[in-house]
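Read from first to last, the chains carry the letters A, B, C and D; within each, the first residue is number 1.
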Amino acid sequence: MITDATETADATGTHLNHWVVTLSCTDGPGIVHAVSGAIVAARGNITESQQFASHDTGRFFMRVQVESPADRAELEAALAPVRERWQMDLHLDEVGRPLRTLVLASTAGHCVNDLLFRQRAGQLPVEIPLVLSNHGTLRDLVDFYGVPFESEAVVSPETKAAFERRILDAVEEHDIELVVLARYMQILSPELCDALAGRCINIHHSFLPGFKGANPYRQAHARGVKLIGATAHFVTSDLDEGPIIEQNVVRVDHSRSVAELVAIGQDEESRTLSQAVKWFAERRVLLDGQRTVIFR
Amino acid sequence: MITDATETADATGTHLNHWVVTLSCTDGPGIVHAVSGAIVAARGNITESQQFASHDTGRFFMRVQVESPADRAELEAALAPVRERWQMDLHLDEVGRPLRTLVLASTAGHCVNDLLFRQRAGQLPVEIPLVLSNHGTLRDLVDFYGVPFESEAVVSPETKAAFERRILDAVEEHDIELVVLARYMQILSPELCDALAGRCINIHHSFLPGFKGANPYRQAHARGVKLIGATAHFVTSDLDEGPIIEQNVVRVDHSRSVAELVAIGQDEESRTLSQAVKWFAERRVLLDGQRTVIFR
Amino acid sequence: MITDATETADATGTHLNHWVVTLSCTDGPGIVHAVSGAIVAARGNITESQQFASHDTGRFFMRVQVESPADRAELEAALAPVRERWQMDLHLDEVGRPLRTLVLASTAGHCVNDLLFRQRAGQLPVEIPLVLSNHGTLRDLVDFYGVPFESEAVVSPETKAAFERRILDAVEEHDIELVVLARYMQILSPELCDALAGRCINIHHSFLPGFKGANPYRQAHARGVKLIGATAHFVTSDLDEGPIIEQNVVRVDHSRSVAELVAIGQDEESRTLSQAVKWFAERRVLLDGQRTVIFR
Amino acid sequence: MITDATETADATGTHLNHWVVTLSCTDGPGIVHAVSGAIVAARGNITESQQFASHDTGRFFMRVQVESPADRAELEAALAPVRERWQMDLHLDEVGRPLRTLVLASTAGHCVNDLLFRQRAGQLPVEIPLVLSNHGTLRDLVDFYGVPFESEAVVSPETKAAFERRILDAVEEHDIELVVLARYMQILSPELCDALAGRCINIHHSFLPGFKGANPYRQAHARGVKLIGATAHFVTSDLDEGPIIEQNVVRVDHSRSVAELVAIGQDEESRTLSQAVKWFAERRVLLDGQRTVIFR
């Protein structure tokens, strides 16, 4: 989907850039024509395009991939009048540029391993300058992938506040665009949730909205459900209620113990989180109130 | 799965019956040996066998299919000492015998059509002597399958009580073994729930325990879930909390309206309910406290 | 997905039509801008839009839904220069118009029942003026839905030729836009395949390209596969090799007999065929050489 | 499913061992009774039991887990007469004992990483004394998990023969019980296939029997399939035709390039292979002619 090269050449050898434009605005007629006109003006060819008009919020969403000899300044200039005319929330980026991503972890390694393995294998367009953890457990794993690792114990309100300050410092220091909670087992403070709004993804180990809160597999076992799952969602101060990005389930039966549900569920957690991170990094995830628009 | 013929013959031409034995009792050593001994004594051969020991309740569950020249009396006699020794809740039935089933309906036809079509096609080992509805909408559909249909409006506490009396009368009159709520849109009274305990199956149009109560697809849309589903469960007076028998989900995305979720979900409702009814009719569903054991 | 009303009104009470435009042409820059310009010129608002550029064939594909006060003539006039300029294969239709569909059947009723039930329930935008069968078995079922039914035995080259002439006559007589082989168990002649090219859909009872030809469930059982499935595809004279529209699978295990695989597979056949017909009727299926583009 | 402790104690503090018995023999009446009798005689309690009678081959298969204070000698002695009477192919093992497993690899790391990560996380009851590869690519990855790694180039018939001798030497040296081809990209010689018959598992990157041979994702793309998959199977000299152990699929659409299909398919390959290895190590996989019996 994302090529690692963001530059190609056309038939005449002209150097081509690859751009991804995402936008949202109040819906109305003529938007697609206006946007495509700006792209034509910037010598661009649309290679992928998706749109959605939300009946719930009256918002219009669009994601367009463009190949063009134009540089960022030229394309921005062409889009500027459209952006202004429609009061768009518009974002322009290079296709395939790795997103600067901070990973928060605790003791469970499956999600961290999955993210790091996929990143190294070139399947996940992120760069991870740091993994922060409230335990030292995963140091060896993270070291293996050559990623810096820091851990600080969180055992009191004071240490929790200190850890959250460290998170915010790291976000600033590394110019972080996405924070991933890879089975990080601490509840973020409302202040931190606000500071990271729209750029912090959590994996919850249940098929939300079923089994919110602690020990979801224990709850699932007690209830005797026939499918268990995982949910990747944006973090908000309303715990386990943030906009859902992706969900997966797997079939189980009565014979499974809680421990087995945990083991079975980990696969769904890993792949659901990695999928959500991938889509976010590719600018395929947009917010429509409490819901997400996913341009797969 | 089960052939409609419950009699075959062995190599010497001896007439063979096919029996299904289901049992539960307090777990302990020697049960399988005792049961298989009784079956050998009754000249039986075990053709299918499943068991489960529940750590939660300490109960042992078993389902055995047997082919034998023995008639019911001989097999019962052989099993009697085992049943007594272990104080078993034991049930003996012919494989493939159609279960006498009462269907309750309202206006939506998809589940009723699916049940009746499968029954007629020989895929569902039930016989349906009556469909009862609180609306007349489905009369033509049910007529087509040659099944008697009765409807009575439920518009007040009095008419509701009358309808529930009619249900109980029908259960008695037709010697009903299973009541199926095929998108029947009335809440059963606690008394009726008790009277039908363990033999009344409902289809809920959500992936429980998410979206209990009314308008689950509206709730699912508002929450922006990425999978919607259906749950077949035993009816108890604890609304939408009865033991779960089967669940299925299907993927949806942000572009689906509530009306589309309803249409998409109906397929899952139909097949989930028919699957639950089939397993129940084949004696594959046993109760383990608030959970079910499903011997697929 | 598609509402049955193809007319709404805007805020000023102006009567709005709903149109679906599908097109394909050789790829190149500026197509989206040209199409959206024509739509703006015809006072249209794009409510849904999808596009795809095929690297294999160099073709560009687009499907656009438009609401506009314009009638067909106005919209056609606006699109005419674009169509000419790009030498487009362009099609304009009303959203939700029922497609005139001929169903061919033999003895198995599950697919026919599913199509007719969904059509009547408003889930499938087709009208079915006739079901043609080479057996009389399904007459009662089709009668129930009030659809004309004809059967002629096919037992020799002569009767086969006669039946195929009847098919072509029916296509002409009823102005048929789609022919559906709903488990029709005769191989169409190459001449008939050609005559119906691009508008004839078959359901094959296997997960193609595995298990082509006869008795696919028997083949699947012998091979011990762990998933069985169904494939809806366009009919071509190259048997079981036509472009694939939709596929589904379901898990099975070693304990299933061939007869059980048949029963289990029928659900996948029904829903896969109905899904393919629905997408086709909604103009979501386009041909790209030997492959299909599906704008879901 | 597998507890890490294979010893527990009963209520009186008696030390309990956990055993798994797998057997197959010609089917006939009384087998279950005889086996359960031997287990009772060895003071055992059956905690899990599954059986299957194959209509195709006339063989009976059984897998029983037993807890008992008996040691191996006592249980073997109790089972010996039953084994002899029925001429059983019977195997007795400790529950949870790690299977000695040799991994063969080439350049692709996803399956190797998945196996090693799960083994270290305690999800896969295997021990891996060696990874053998025909490339040096994966040395760092394997080193990280502390597993010995050897690579030898295979570029000619001579080096291929040498590599196969090294495989057989390693099997003997490490008393290997299972050889896993984790995307090992060499065809094994018929002699090696025979030497490893029934204990060598391969992952094929397609949903067999579709797309046998080389470049299955390219074939899948050309054919325009809507689901791609992976198949874990026993290796036989009949290439890609060995008995199937597990299969999984994932949905794709027309927009995916061959390279994207490869990336998407790798997840299915990893989890399908790990699942097959887990079941094999837990003695849940038995051979029934060209088919497998999987006691999940």
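Throughout what follows, contacts are C-beta pairs under 8 Å (C-beta built on N, C-alpha and C of every residue); 3 or more make two chains touch, one makes a residue touch a chain.
The shown structure was predicted, so the numbers you read here are calculated from the model rather than taken from an experiment.
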Chain separated most widely from subunit A, comparing mean CA positions: B
With contacts counted as defined, which of the two, B-D or A-D, has more C-beta pairs across the interface? B-D
Using mean C-alpha positions as chain centres, tell me how far subunit A is from subunit B in Å, no decimals. 42
Quick one: subunit A and subunit D, Cα centre-to-centre, how many Å? 36
For subunit A, residue numbers touching 2 or more other chains are 255
Of all residues in subunit A, which touch subunit C in the complex? 28-30, 32-33, 36-37, 39-40, 43-51, 53
As the complex stands, subunit C meets subunit D at residues 52, 54-55, 207-211, 222-227, 229, 243-249, 253-255, 257, 288, 290-294, 296
Where on subunit C is subunit B touching in the complex? 1, 3, 48, 109-110, 113, 117, 121, 123, 144, 255-256, 259-260, 263, 266-267, 271
